[in-house]
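Here come two complexes built around chain A, the first alongside chain B, the second alongside chain C.
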Partner chain A sequence: MHKFLIRSFVSSLVLLFTLTVAAVAKDVKAAFVYIGPTGDHGWTYQHDVGRKAVEAAGFKTTYVEGVPESADAERVLRQLANSGHDVIFTTSFGYMNPTNKVAKEFPNVKFEHATGYKREHPNVSTYAARFYEGRTILGTIAGTMTKSNVIGYVASFPIPEVIRGINSFTLAAQKVNPNIKTKIVWAFTWYDPGKEAEAAKALIDQGADVIAQHTDSTAIVQIAEKAGVYAFGQASDMDKFAPKAVLTSVENNWGPYYVDRVKAVANGTWNQKDTWHGIGDGMVVISDLDSQMPADLRSKVKKLQADLASGKVHSFTGPIYDQKGNLMVAEGKTADDGMLAGMMTYVKGVEGDIPK
Partner chain B sequence: MIKIVKRDQPSRAIFFLTPVLAIFLTLAAGGLIFYILGFKPFEALKFFFIVPIADMYGFSELLLKATPLCLIAIGLSFCFKSNNWNIGAEGQLTFGAIVSGGVALLFYEQEGFYILPIVILAGAIGGMLYASIPAILKTYFNTNEILVSLMLVYVSKLILDYLVVGPWSNPEGFNFPETRQFTDSARLPLLFEGLRIHAGIFLALAAVVISWFVFYKTYLGFQMKVSGFSLKTAKYAGYKGKKMIILVFLISGACAGLAGVGEITGPIGQLHREVSPDYGFTAIIVAFLGRLHPVGIIFASLVVAITYLGAETAQIFMQIPKYTGQVFQGMILFFLLASDYLLFFKFKFIGSKK
Partner chain C sequence: MIIDINFVGLIIASIMASAVPLILASCGELITERSGVLNLGVEGMMIIGAISGFALMTVTGSLIIAVFGAMLAGVLISTIFAFLTQTLITNHVATGLALTIFGIGISAMIGKNFVGIPGKEFPVLFEGLKDTMPLLSPILFGHSVVFYFAFALPFITSYFLKKTKIGLIVRAVGDSPESASNQGINVKFVRYACILYGGAMCGLAGAYLSMIYTPQWIENMTGGRGWIALALVVFSTWNPIKILIGAMIFGGLTIIQFHMQAIGVRIPVQFLTALPYIVTIIVLVVISRDSRKIRLSTPSSLGKSFYKDN
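Right, the complex of A and B next:
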C-alpha cells in the first residue's frame, strides 16, 4: 500500500512536471501596457503593431491601453502578472517604478520596460531605440530641402531622449547646409493634437519651411500640408495624412524585438538585457522617400542609411560644439552611449535655451 | 393616457432614488453597448463590476481608488451646497501634492515620526492656498469662480511639470521627469501587508463624519443650505456671504490637497508628471451622484471607483476597449441629470375615455 502511494505520488509529480514544462513551452502569453490609445498613429500604435507581430508568430497576447502613469499602473501590472501572462511589456517611461516593484513580487514573470534605466530585479529588462539615427536622416533631408534656412522642430519634454534628437537632427542638417537654424517650440506633451498644431503654426509663422516633430499626433504634418511646407512623420508612416508635406517618416519598429523576446521566454533562454537598437537592427525604420526629393538626395540618404546601419557613420561624430562654442566631442571621436544617455545641452546652431 | 404633471414640491424619496435609477439605467445602457459591440452583455458586466472586487486585493484596490474620490467629493459638496462652483479640485489636488511633495523631499533620507504629519499638513495647506485664489477673486473682484478654478488646474499641472523636469528632478535620474522617492517616514502606512490600501482612508472617513456634522448640526451648515437655495434670501437674512464663500473654498481645497497627499505618499511615493488620473474632475460626478450627502458620497465614490477597475479587467479578459470606463462615468452623470426631471414632474395615468 505504502509503496503504491509513493509510486503514484512520484509518477504524478513527474507527470505534473512534464505537463508544466510542456505548458510553458507552448502557451507563452505576452501582455502589453500602453500609455495611449492604440489608434494614436504614433507611439502606442506602433507598439500595437509589434504586438500583432507577436500574435502572428503564434503567441497569445493581451493589451491594456490608456493606462495612466499614476497609481493605476501598478494595479494593471499586478493583474496581468496574476492572470497567467509570462512576459509583460510596459511601453512608457513612467511605468519604470511600478514595473520594478511588481517584478519583485512575480519572479517567474518577465518584465520588459521601454525607455527606462532601472533593472532592479533579474526578471526586468529594458529596451529603447536609437531614434537619433533616424533624425540624422531627417536632418540631412531638411538641410537640403529648406529654402528659408529656418527649420522648425516641435519638441515634447526637455529630457535627454528629445535633446539628443534635436542635436542629431541639427548636426546632420548643418553638414549639408551650414547656414541653417533650428527653432524649437516646446509643446510639453507627447500627444495633444491641438497644442502640436499651434506649435507648428507658430514655427511656420517664424519662417520655417520644414517642420520636424518629437510628438506623436498627425496634427503637425496636416498643418504643414495646409501651409505648403515640408514635414516628417513620427513613429509611423504618416504619408497618407499629408501626402505632399511628408517627405519620409521615422518608424518605430518594435515587432522583431518583441517576437524575439517572447520566443526567448518560450525557449527558456530569456535573460536580463539592456537593448538599444537602431537602424542596423531594424528597430528604427525609414519609410519610403518622397519623389519630391531630388534623385541625388534620395541616393545620398539611402547611402547614409546603409552607413548608419553598418556603423560606418555615427550620428555624433566630432568635432561637435555646444551653443557657447565649448567642445563636446573631439575631432575623429564619437559620443559614447553614456554621453548620449545623459545629453542635456544643445549643439551649436540650435536656437534658444533648454527650458529649466 | 399618460400625462406629465408638475409636482407641488420636489419629492424627497425621488431625490435619493434617482441616483439608484441612474445606476440601473447605466448598467442597462452599458449592457446594450456591449451587445452592439459584439460582446456578451452579462459576461461583460460581470467582468466590469464583479470580477475586479472578487478577492481581497481587488477590494483593497477599490477602496484605494475610492479614497481620493470620496475625499474630494466631500470637499466639493461644501462648495456646491452653497452655490459655489469650484470646478478646479484637480488643480487644488495637484498643488497640494506639489507642496507636500516638496516638504517630503526636504526630509530626503531622514527618519522621524513627525515627518508624516508635517507632510500631510503641507498638502492640506497647499490645497487651501490654491483654492483661496478663486475664492478671493470671487468675493472681492466678482470674477466667475468656474472659469478661474478651472483654468488654475492647467496652471498647477504646468508648475508640476516645471518642478519635476527642472529643479526637483532626481539628480540620479538621468534628467527624466520624476523626483526622488520619498523617505519611508514620509509615506502613509499600509493597512495590510501585500495590499495597497493605506492610512489615507481614515482621512476620507474623518472628512465624511465632520462634513455630516457641519452640514446638519451647525450654523455654517444652515447658512450654506440657505445660500444654496437662494442667495437673495441669504443676503436678506444678513449672512456674511464673503466669509462663508472663502471658508467653503478653503475646506474644499484642503480636502483635494489631502487627496493629492494620499496619492503621492501612498501608492506612488514620489512626484512625477501624472499624480492623478483626473480625480478632481471625476469627483464632481461623485459629489452629484451622492446627492451632496456624506453617506451618499461614500456609495457614489465606490460606484465610480469600480468603473475604473472594471474597465481594466474587461480589457484584460475580454479585450473590451478600456475607454468604456469613461463612457460609464459619463452615462451615470447623464442619466442622473436626466432622471432629475422626475424630481419636479410626475407621470399621471389617466383612464382614456372615448
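Right, the complex of A and C next:
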C-alpha cells in the first residue's frame, strides 16, 4: 500500500510536469512507462538507458516509473496520450491489455508494448528480445567451466520467458558437457537482493560452482565472488560488482530500437510491427568475455555468437525431448516462435518440476 | 545425500547472517515499544540507514563513518517521529506509517546517484581461526563486527530491561506513564530517548544490508524486512531472547527452503516460500502462550499518547 501511495504521488507530479511541458513543445515526444524504479540496475534501468539514447538523438522524452499493472496503468497511459506524446512505450508484460484499450481511444498516438503479443489496433506494435540466445552462450560457458558438474540457476517466476531461458541454457550446457546437472531454485521475486543472495548461497553450499540467474539484482554475482565460484551478469554488465566471478553478462540493449521507432514516428514511416530481436540485431548484447576462460572457449563462444547472429545456429534445434522423453522438436527442425512464446515444459536434463 | 558436518556449520552461519538485520531492528523497536511508543516506521528507518551507510561509504571511503552515519541517519529520521508523536501528540500508527513512506521515498531520491556502484569489502574478524574446528568455526569466526554485536544485543537488551534502573524506568513509562510522571520521571524525555535508540538500531540494520550482507544500493532493498522485524517484536511478546529465536527460525526456514528446492524435495515451491512466515508465527505463539507472562511483558500503554499539563 505504501509503495502504491508514493508511486501515485510521484506519477501525478511527473504527469503535471508533462502537461506543462506539452503545452509549449511541438516536436515528436516519446513517453516511457516503467514497472519498477529506474534505480533497480536491472530491467527498468536498461529501458531507461534506452530512453536516454532517444534523448541523445534529439527527441523529448518523459517517463513514469513504478506504474502498477492495473487500472492505474490505463489512467497513466490516457494522461500521457492526452498530453501531447506521439509515441508511448509500455515496458512490462502486464501493460498488454491497458495498452490496447487506451490505443483504441487515441488512434493518432503510437503505442509500443514490450514482451506482449496483442496488437488489436493498427497503432499498437509489440517488441521483445530473444534473451534465450544469450542464455545459449551462458550455457556453453557454464558447461565448459564447471568442475563439479553442478550448475545452479536462480529463477524468478514460472512464466514462458524464464522456462525458455532455463531450457536454452541447459541444452547448450549439455551439448558441451553431457554430465552436467542444472539445479533450479525459485526465488519467487524479480528483485530482492537479500533473498537472491540466500538462494545463491544455498546452491553454492550444495556444490554448484557456476551460478546463473534470472532475477535482477547484483547480489548473486557478489555472493559468487565471495564463494569463489563463477556467475553471469543479468540485464546489464555486472563485471565491476564481481570481477573474478562474472565470466560475461547478457545485456538488454533497447536503445537502437527505441531511437529507430521514434525516428519512424518523426518521419511518418511508423507502421505496425511485431519485433523479436536477438543477438543479430543487437538487442541482446554479450559483454566482454573474461580472460579466465581458456582461449579456445573464448573463440568458440565468439563463433557461436556470430552463428546465432547470422541465424546459422538456433538455440532450439532438434532433436529436443521434454523431461518425460516426448519429442518436442524433431531432428533437423528448429522451434518456431509460437512454441517459444508459450514454452511451459522443461527439456530433458532439467531437474525438478515447474511450480504450478 | 551425505550430510557433511562442515556443510551444516555453513548453513547455520548463513542462517545467522540473514537473521542479523531482523535482530537489530527488532531489539531497537522493542525498547521503543517498551516505553509505550508504537513506531511503525521500522522499514522506513532501515531503508534510510541502508542508503546513508552506502552513500557515506562511497563518498568518504570510511567504513566507520558509514556505519555510525547510518545510525545517526536513523536517529535523525526517528527524531521527526518523536517530535510529532511526543511533542505534537499525533497518532502513533499514522505517524509511523508516514515515516515508512517518507523513508522509502527519500532514500530512492538520495540513492539515484548510487545505483550500479559496487560496495566495498567489509572486514571480518577471526578469519584465521576459520578452519580450526569442524562445525563450530564457520559459525563462530570470520564475521563482521556488526554480526557479533547483533547476537549479543538480545542478551544486553534483556539484562538492561530486567536488571538496570534505567531499564525499570523505561518499563514504568511504557506501563503507566501517569504513575511514572508522578514519581518525577520525565516521560517525554524517556520516550524521546527510546525512539531515537530504536532509530539508531534500525539504521544499523539497514547499513548491514547495504554494506555487509549484499554490498550495493538499489531501491527498496530492505524488501519488507522492517515489517517482519515489527511482527517479531509482537509475536515474541516483547521478549528479546524470543526475538532471537524468532529471527533464527525465520532466517533458517528461508534458507532451508532454498536447500530443499536445490536437493529436489517434491513439495510445492509456493508452500515452501510461505513456510518461514507461517512457522515463525506458530512457534512464537506457542512458546509465548502463558497469558500471565504476556500481561506482564506487554507495555500496557503501548501506542497511547501521554500529555502532561504543566
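Quick note on the criterion: the second predicted complex is superposed on the first by the 330 of 356 C-alpha atoms of A that agree within 3 Å, B and C clash if a C-alpha of one lies under 4 Å from a C-alpha of the other, contacts with A are read in each partner's own complex, and residues count from 1 in each chain.
Basically, a contact is a pair of C-beta atoms (placed from the backbone, for glycine too) under 8 Å apart; a residue touches a chain by one contact, two chains touch by 3 or more.
Note that the structure is a prediction, hence the values are computed from the model and not measured.
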Quick check on the chain A-based superposition: chain B and chain C, clash or fit? clash
Given the touch rule stated above, what does A:Phe188 touch, chain B (first), chain C (second), both, or neither? both
In this superposition, the partner of chain A with more touched residues, chain B or chain C, is C
Now for A:Ser217: first (chain B), second (chain C), both, or neither, which partner does it touch? second
With the two complexes superposed on chain A, say which partner A:Lys240 touches: chain B (first), chain C (second), both, or neither. second
Going by the contact rule set out at the top, does A:His41 touch chain B (first), chain C (second), both, or neither? second
Could you say whether A:Lys356 touches chain B, chain C, both of them, or neither, answering first, second, both or neither? both
Quick one: classify A:Asp290 as touching chain B (first), chain C (second), both or neither. neither
So in the superposed three-chain picture, is A:Asp205 touching just chain B, just chain C, both, or none of them (first/second/both/neither)? second
Go through the superposed model and pick first if A:Met344 touches only chain B, second if only chain C, both, or neither. first
By the touch definition at the top of the document, which applies to A:Asp260: first (chain B), second (chain C), both, or neither? neither
Segment of chain C that clashes with chain B, given the candidates 9-17, 81-89 or 189-197: 81-89
Quick check on my understanding: which residues of chain A belong to both its chain B contact set and its chain C contact set? 37, 188, 355-356
Which residues, counting only chain A, touch chain B once they are in their complex? 31, 37, 62-72, 74-76, 78-80, 83, 93-94, 96-97, 117, 157-160, 188, 341-342, 344, 355-356
Residues on chain B engaged by chain A in the complex (per definition of touch): 57, 61, 64, 158, 161-162, 165-167, 174-178, 181, 196, 263, 266-270, 272-277, 308-309, 312-313, 315-317, 319, 321-323
Quick check on the complex: what are the chain C residues that touch chain A? 7, 10-11, 14, 18, 97, 100-101, 104-105, 108, 111-112, 115-116, 118-119, 209, 213-221, 223, 225, 254-255, 258-259, 261-264, 266, 268-270, 273
Residue positions on chain A within touch of chain C in the complex are 2-3, 5-6, 9-10, 36-41, 45, 152, 183-189, 191-199, 201-203, 205-206, 208, 217-219, 222-223, 236, 240-242, 351-353, 355-356
